[in-house]
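Look at the two complexes coming up: subunit A is in both, with subunit B in one and subunit C in the other.
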Partner chain A sequence: MTMIQDTALTYVFAVCRPSGERTAAALGGLAGVGPPAPVRTLAMGPLTAVVQDVPAADYAEEALRQRLSDRAELERCARAHHEVITAAMAAAPTVPLPLATLYRGDERTREALRAREDSLLTALDRITGRVEWGVKVYALAGQPATPASAPGAAAATGRAYLEQIRSRRRGREERQGAALRAAERVDTVVRGLAVAARRLRLHGAEVTGPRRTHVLNAAYLMDRGRERQLRAALASLGRDEEAVEIELSGPWAPYSFADGGTPP
Partner chain B sequence: MTGARVDLDQEAMGRDLVALVLTIVELLRQLMERQALRRIDAGDLTDEQVERIGTTLMLLDRRMAELREQHGLEPEDLNLDLGPLGTLLPRD
Partner chain C sequence: MTVAAWGSAPAEAHGPIGVPLVDLLDRVLATGVVVSGDLVIAIAEVPLVRLSLHALLSSVNERVAAPWTDSGPL
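Right after this comes the complex of A and B.
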């Protein structure tokens, strides 16, 4: 039995610019990650944190690890986290913090965020008036180049069989190359509309399904007014690029740019 | 803690094991095919040797297809997702 068992932890969702009562009003009625404590604001000089008290028994290290390794519970937490950030973002410029950012009480929260104050203020400057868009590009499973090279088609001789493998391999390499080049073209166009861009990890077959391969997973920070231009650019790319499928998601809170981001 | 996280279904486990073993065999088979193509490209095989290697690989491919069929597995079942490294075997 340690001391923290009895105290509450402070769960921090995001950091915003102070907006008087607007942020507090926008958070009213949200359940957050764990009622009954309300989602509230915590003022600290030039920043306002969006926080919630959570029972230490449910969120201390071991309990938290178990919680986040349970898929359904992880999803619930992620959705609650996202809901609070979206509400805060509507009221004032907001830098989202990672899921499960926890401190032992308000004082520790203030100390920890004060230590990062400069970088948080820089991030706030960067994201004000801007939103994040996600662009994913997938290579589609290819059709065999010729019916003769289809898997399973019987070859007459050993040599013919080897030629079959060779052309299948070449076809696969060409398709992969074409998909990667298409992904670079998509990235170049979208980067041109963005103020910052970031490449994220590609998803494996477990997420994409067996019929397509993930070749680009990127996040772009963009001025709010760019949406129509972005959609038009992607629609045109979608017509030109036949080897790939392009997916757009957003607008998101700038999750990928909470620490700045590289210039395009 | 919920008790339903791991489903200990013996039949499914047996099938998974067969799939894993066949995946490894398939990996070796594809490596042999690659090596054969490389040696042909290097030009150090006679026509007769090329024909024999090709025939052997073709028969292995057929045998693999039969084994898959016996165990109700599709070609795409014989693969491992290595996360950020991609998949063990190339996907078409």
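Right after this comes the complex of A and C.
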């Protein structure tokens, strides 16, 4: 325990193609996740890792659990991680690794990454010249189908009341179905522009708020030159699809395609 | 109906400011990892994602409403 706490760990942000001094220069001055140790490159043959030494005590199981359960600290870590990856990506093709990927020192890092060298090189091939875009589709909460009908009069009999409930349920199901179909159409169009696609988890009402329901959360790997086409396609979809709200985010480093991705 | 985006900067830019945290977490806590670290693997059984999202959700939005509910009077 004591021994581990006294040791520095190697935090790995990303794996890049060697770029001479470009990557190192791009990382200069970044604080990373654990200053004061600098963010640096670690050469390993055909790959270069972007790493930082961090105190083992900060990343022991319980310490990490506590930090990532604290919203402010989680956000700080995630943004620091993202900042380093974004900087590296500007210098050379970069495969991002997940938050808090840690090894017991540089030698272990080399050993572990070397074992995955082939798949990392394949991933680098796939993401070179490409970026990730995020597309989310939300169903908007519907208005009651017949807002004009006076509730008191319409529900005068038990039968009318039940009919209202059924009709309301039907309306809900129809809206949900329509939103899902709209999401599929959006996905189909965007996949047509992408070289790989991946579905991410949907966000619950805690995140989206009560007025809309998340029906598509997808990531697409796309050639850098496609941005204009993507925006135009989404603008057109946005005009056609009235039941849903479409959100675009990006360009991201290819987080969702660290394995190179599968064809759409 | 709406197309919203924060990424108006060119792809080379050093990342947009104000990247939504929930979208960022979707990515930096991604599953389908190609590389496993020495230590995180130890707590991978308690998925980092769930742990972290709990922290996020507990402060992002206190309102919890079931989707697809109608708000109009019956």
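Quick note on the criterion: the second predicted complex is superposed on the first by the 256 of 264 C-alpha atoms of A that agree within 3 Å, B and C clash if a C-alpha of one lies under 4 Å from a C-alpha of the other, contacts with A are read in each partner's own complex, and residues count from 1 in each chain.
Keep in mind that, in the parts below, a residue touches a chain if its C-beta (ideal position, glycine included) is under 8 Å from a C-beta of that chain, and two chains touch if they have at least 3 such contacts.
Values in this document were obtained by computation on a predicted structure and should not be read as measured data.
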Would you check which partner chain A:His81 touches, where first means subunit B only, second means subunit C only, and both and neither mean what they say?
second
Just to be sure I read the superposition right, which of the two partners does A:Thr213 touch: subunit B = first, subunit C = second, or both, or neither?
both
Going by the contact rule set out at the top, does A:Ala112 touch subunit B (first), subunit C (second), both, or neither?
second
Once the structures are superposed on A, label A:Arg170 by its partner contacts, choosing first (subunit B), second (subunit C), both or neither.
neither
Based on the superposed arrangement, let me know which partner A:Ser256 touches: subunit B (first), subunit C (second), both, or neither?
second
Report for A:Gly158: first if it touches subunit B alone, second if subunit C alone, otherwise both or neither.
first
Please indicate which partner A:Ala141 is in contact with in the superposed arrangement: first for subunit B, second for subunit C, both, or neither.
both
Tell me which partner A:Arg199 touches in the superposition: subunit B (first), subunit C (second), both or neither.
neither
Between subunit B and subunit C, point out the one touching more subunit A residues.
C
Subunit A positions touched by subunit B in one structure and by subunit C in the second
70, 141-142, 144, 151, 155, 161, 165, 168, 172, 201, 204-206, 210, 213
Which bits of subunit B are touching subunit A when the two form their complex?
1-2, 33, 36-37, 40, 47, 50-58, 61, 65, 75-76, 79, 81-84, 86-87, 90-92
Subunit B partner, complex, touching residues on subunit A are 66, 70, 141-142, 144, 151-152, 155, 157-162, 165-166, 168-169, 172, 201-202, 204-206, 210, 213
Within the complex, subunit C is touched by subunit A residues 9, 12, 15, 59, 61, 64-65, 68-71, 74-75, 78-79, 81-83, 86-87, 90, 95-104, 108, 112-113, 116, 119-120, 123, 131-134, 139-144, 147, 151, 155, 161, 164-165, 168, 171-172, 175-176, 198, 200-201, 203-210, 213, 217, 219, 224, 227, 231, 234-235, 237-238, 241-252, 255-256, 258-259
In their shared complex, at which residues does subunit C touch subunit A?
1-7, 10-15, 19-30, 32-40, 42-43, 46, 48, 51-52, 54-61, 63-74
